[in-house]
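Below is one structure, written out as structure tokens; the observations come after it.
Per-chain residue numbering starts at 1, and chain names A, B, C and D are given in the order in which the chains are listed.
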Amino acid sequence: MPQSVSSLAAAPAGPSLLRRLARRNEIALLLSLLAVIAFFALASDTFLTTRNLTNVLGQAALPLVAGIGVAIVFISGEVDVSIGSLVAAIAIPLITIMNATESFALGVAGALALGLAVGVVNGYLAAYLGINSLIVTLGTLFILRGGVYLYTGQRAIPDDVMLESFFQLGNGRLFGVVPHPAVIAVILLIAFAYFLRHRPFGRQLYAVGGNPEVARLAGYNVRRVKFVAFVISALLATIAGILLASRLGSAVHVAGLGFEFQVVAAVVLGGVSLSGGVGSLAGMALGVLILQFVSNGLGMLNIATEWQLVITGGIIIAAVAFDELKRRRA
Amino acid sequence: MTKLMKTLFAASVALGALAGAAAAENMPKKIGYVVNYATHEWYQNVIKGMKDRAAQLGIELEVKDANLDVAKQVAGAEDFMAQGVDVLIITPVNEEGVVPLLRRAKAENMPLVLEGNPVKGMTTMVAICDYDTGYHAGVAAGQYAKEHLGGVAKVMNVGLPLLSATVLRSNGFMDGIKTEIPEATLVHDLDGGGNPDRALEVSSAALAQNADVNIIYGINDNSSLGGLQAWKAAGKSQDGLLVVGTGGEGLAFINAMETEPSYKIEAAMFPEKVGFTAVDAAVKVFNGEAVPEHIVSPTTPMIGADWKKYYSVEGTTRSINWDAVNGVKPADKCMKTAADLK
Amino acid sequence: MPADPALRPAAEAAAAPALEMRGIGKRFPGVIALEDVDLVLAPGKVHALMGENGAGKSTLIKIMAGVYGKDAGSIRIGGRETELRTPRDALAQGLKVVFQEIALIGEFTVAENIFLEQYPVGRAGSIDWKRIRGEAAALFARIGFDVDPAAKTGDLPISQQQMVEIARALAHEARIVVMDEPTSSLTPSEVALLFAVIRRLTALGIAVVYVSHKLDEVFEIADEVTVLRDGRHISTKPIGAHDHDSLIHDMIGRRIENLFPRSRGHHKGEVVLSVSNLSTDAKLKDVAFEARAGEVLGFFGLMGAGRTELAKAIVGFDPIRTGTIAIGGRPLKPHDTRTGVSLGIGLLSEDRKGEGLMLELPVQQNMSLAALENFSRAGFVEEGRERSAVQSFVDRFRVKTPSLAQPIKNLSGGNQQKVLIARWLMRGLKVIVVDEPTRGIDVGAKSEIFALLDRLAGEGLAVVMMTSEMPELLGLSDRILVMAGGRITAGFERDAATQEKILNAAIG
Amino acid sequence: MSLVSDRSQIVLLGILALLCIAISLAAPQFYTGANVIAILRQCALVLIVATGMTMLLVAAEVDLSVGASLAFTGCVGMDVTNRTGSLVLGTLAALAFAGGVGLFNGLVVTRLKVNSLIATIATMMMLQGGVYLYTREAVQNLHQIRAFTELGAGYVGGLPIPVLIAALIFIAGFVALRFTTFGRYLYAVGANGKAARLSGLRAERLKLVAFLATGLLVGVAGLILASLMNAGQPTAGRGFELTVIAAVILGGTSLSGGRGTLVGTLLGVLVLKVIDNGIIILRWNQDLQMVVPGVVIILATWLDLVRRRRDAR
């Protein structure tokens, strides 16, 4: 009988905890976020108010929720850009079912069913058939948007029953302060951060993205792990879509146009690598918040859209280049 | 500043304003305008009109651009409410998508004016009548066709099904033209995306499929110009062709009317006037005055060199002739609205 | 070196075989990879599995690991018939394969990698991180392996990563451990550590399959040896029944009279490469040496001594901090491979896949890459000339490929290496730097590569060879430089060099 | 040598033939000279830029900023021609601008080592904002130079000038990619950048050249578009980058570099544009113009994958 190794246990403290902490990408991001907030707080007198800060959290909730899914797909070594059309598509069953049944729960179930179906299709095509996931999800991005236009005849579908619960979901505030979407986003962030760090499946996602061959040898079902990542991403985009639909009070066919770029940019800014296996939800969340606060702050300063675009583009290049330089020096 | 002084101050500013301005009312200090697409020429001119009017009245006007993103529009309105503006003006990216926003504004007693499209639960809206605009242009096109095109009207509509406003324009145009030429036909009904390159592309394909067209209608200037360029690119002569544009928001249509023999009718929608009217409406709503649900901003077809009445061009800047534009009488009520589409 | 008999199990109980594979067959489209192969492992024994590349070793190992399914035959583990359909099946049966290529996630900590296959979970299915760290530390302590379990795996040198791999097998309480070329990047002291670990395993009754090309190691550690050739079982004998020659004979079906067919008549020419005062940020400290036309200059060093770093610096691939490199008297612009190549220095990288091959592209494109300018006029490639040049090299080097249009990924390691050497010969170099030129290449092809390098030196090239293989170093070099800690610590003429002297210098 | 005759192109050729036959049967107008010319003209713009994009993808990079750059370039070209009254100066300015954008992208990717997908999304944003800083509205044709109009709408020997330009660029690109050392090096850099560098290739510079070439080709396309529109349109080019990339990928070029041909790209462009045109000719709902290409790209990529897997055995 081989000797059991579990009899010996003594947890050694990592000797270089501080050094490892300093190397963490998240610290740099947090400092950047604080710098952004400090800058706008000085430049605008309406920026640093509870009302505005909580507003931004509520606005950031959508990219945060969808960003969790996109980050998970990135971590597994794939890409998902279909979410922009998906947030618009799932609102159709959501609103139509609510209009027909006056049931919030049934509407949500319908939305989740569509989201699940899209995730399954993306996952099957990319993970099981092995088609490049950028192509697959670019394809579903087109197909879903076209499908939404075809189905709705390019008209928004209004929410005719106006359920209070549905309205409150996206528009209400917890204790009158924190917007509900922000609360939901934080809960999901914590849950998925736990999932990625402390559940074996979460680690499998990293392993599969970091080195699929190794993951396969370790007995992981690489395809299944990636498949699940796509499903998770689609379901989270569905939740983001439900929140958006509540804020819009309808299924709007043009909702989410360009949302995928916004989320992908934030996720990459947050240090989640396009090549898989690297990144954290904390980084992703900081990336989303930085871009959201910049957008809000520039708006507060009355900066025109064109400058906002130029500045945001510049930030993305600078941040990713900085990250790369840091990595090369390390 | 006491309330009295505020009133006095506002009054003194208003005194210096144009005749017809809301005189001696309480002026809002700050108006926030969430525009759906600020980089578009149409809205640039709306904003220009708003800024002119707000400056006259001594009001601060701030603009946030949704840049065609419904989520960003809601965020922009939220930000304005957090900033504490006195009145909100909104041009919805999508009219259904701002219903909850209106509800929240109402809950916070935030006066709100819509521009463009009606929304469930609104107080008032400033808008042109899209159907009427198309209709009157259609009537003018019909008359032109009787005189110059032998009474034949085969129309290619370079449309945009995405928006109810643009659908109404197309419908109005066809209805209008039929009052003059009952046998007018719609040969092609296209989605030109409202942008010039897409309009050019789909028009090229459509003209190749069936070139038996003698009138090109565009729901905006990009669409009509895209259609015309497709015609030219197909190597066709402009003899016997009529191009009708809508909007009249920039220099493009003026350039076309000056240089293209077929570009004869432009349905002017005076975006500056829309902005002007919206600010006036905002002041009224701020003061709790009764306002009609739909405040109509005038439109009119401009035929041939008519545009010179309303606009003057110097170099690359265009300026509006307020006297002439303020003289165009708006309809009291639209012939058809988005509600009629359903 | 004889094994320490104390660590060998004293008596061999007539227990059931730990693993019994009978009549194993595996075919891929168009190829029979294995046919009727038997392998029987006794508990507590080290069983060497040998054969040239393409003999079927990797296929057999992958069947054991559950990576490939078998087409024919039966597998019994501990006497029970079983099927190994997935890697998980194999692990569940107590069969752990340590592959040659590092199978660790670089971004994870060492401790986490140890438990990659089976995370210990606590309440509610959460990973028990404390236990992972504790058990990893305990495991390392037990096998005398000094590494921080909390270190990021990717930051460790390859040799330590390999040790982590082996430690991982222990953590799984495996009854059968398969090691595929485990020493290919280990230093001698690490090899000794590994062997101690293997002996400890066998003492516990674990069966070990040891796959290696290194005959010396096999003779040192193995109890039995099975030889495969062309997908067939050739022989299984106790190690004592073999000598070097008989083992090689079994492997390649003929005798290689001399693995190092050195033509003794190298004529040393003038200095073509001179390096002075070379330092880099990362590793190298004040390195200076010269290489002459017509000589093989061997660099030896333990893992981390700086051989690869030196190779990459002198061809202009990596930036340097100080120093000069001159080829034929003309200075090389640092960190610029283009001037390097045009001055006549090129590198055959140790990392064939990562830095040598364009896997998806045909043999022709791979071979002519560096010499394309020779076949071009005004920027246009003259394909006829290119093709005939490539064809002549393919013939001369006996590269086994169905056609020049074959994607190079379909060739064996030895043939790939020949193509890469030809890439440089086509270009025409003064100095060729070869880094671990025979890594992952089987015995038969090895001797061909050696003969090639020797011939190059004979033709007047300076061959600078970086190697960690002592026989290769001694067999091929005219002159030997030893590195340690980024410096050159000793130099020997070939006749003055002995294994002991070199090792002493390498330990620094 | 499989650089030209990739068998995936036979599949594409089949799809194209099938589409053409099916559409012509349903709507005979499809085969009229006018429609063929309309399709070719639409293909021309895409093909010009796709030629550069194919080079980029072969070198394992991508440029998403081409749509935004297309619009900006048209404005610059028109504006400078207006100001100077010289078509030559306008053309040079447009090419310099678009080439500059390409160079900027190339430098960000090769020097700052930013992933090109991200870098060019950022450039796209900056150009979309920048064009409105440059001009608030469409830049009108104030110079009325005839040659400028001819560029987009003129004919030579019965063929539209943009089609001729595209054909010349395609042939030049084809020759460069297929027969020159430059082309072969691009494949090498895309297939294995480190191996290419070790072989004495300047991998970064080659990529830079591919970015620059793509930029310049966007300049050419931007001028043609401005001529066709008779104005520099800041709103033009939305989604153009996706059409171009879709066509290149449809043509069998790999996103991971080292594999692809311009013949495939040509077929990809034709298939996409025939679908686009066919939907209008057949008077189908134009919303299908988004759905069908989405399906076709996934399908074609999958077929290619299946075929390559079969070949590998």
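The criterion applied here is as follows: a contact is a pair of C-beta atoms (placed from the backbone, for glycine too) under 8 Å apart; a residue touches a chain by one contact, two chains touch by 3 or more.
Note that the structure is predicted; figures quoted are calculated from it, not measured.
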Shortest contact path, chain B to chain C, counted in steps: 2
Furthest chain, CA centroid comparison against chain C: B
Chain B and chain D, separation of their C-alpha mean positions in angstrom: 35
Inter-centroid spacing, chain C versus chain A (mean Cα positions, whole Å): 43
Chain centre separation in whole Å, for chain D relative to chain A (CA means): 31
Set of chain A residues in contact with two or more other chains: 149, 154, 304-306
Residues within chain C bordering two or more other chains: none
Shared-contact residues (touching 2 or more other chains) in chain B: 39
Pairs of chains, among all present, that meet the touch criterion: A-B, A-C, A-D, B-D, C-D
Chain D residues within the chain C interface of the complex: 1-2, 179-182, 184-185, 187-188, 191-192, 194-202, 258-259, 312-313
Footprint of chain C on chain A - complex, ascending: 1-6, 8-12, 14-16, 197-200, 203, 206-207, 210-211, 213-219, 221, 277-278
Chain A-touching residues of chain D, taken from the complex the two chains share: 108, 112-115, 117-119, 121-126, 128-133, 242, 246, 249, 255-256, 285, 287-295, 297-298, 301-302, 305
Contact set on chain A toward chain D in their complex: 125, 129-132, 134-136, 138-143, 145-147, 149-150, 154, 261, 264-265, 268, 274, 304-310, 312-314, 316-317, 320-321, 324-325, 328
Chain C - residues contacting chain D, complex: 28-30, 315, 317, 337-338, 340-342, 346-347, 349, 354-362, 364-365, 369-370, 372-373, 376, 379-381, 383, 405, 410, 423, 427
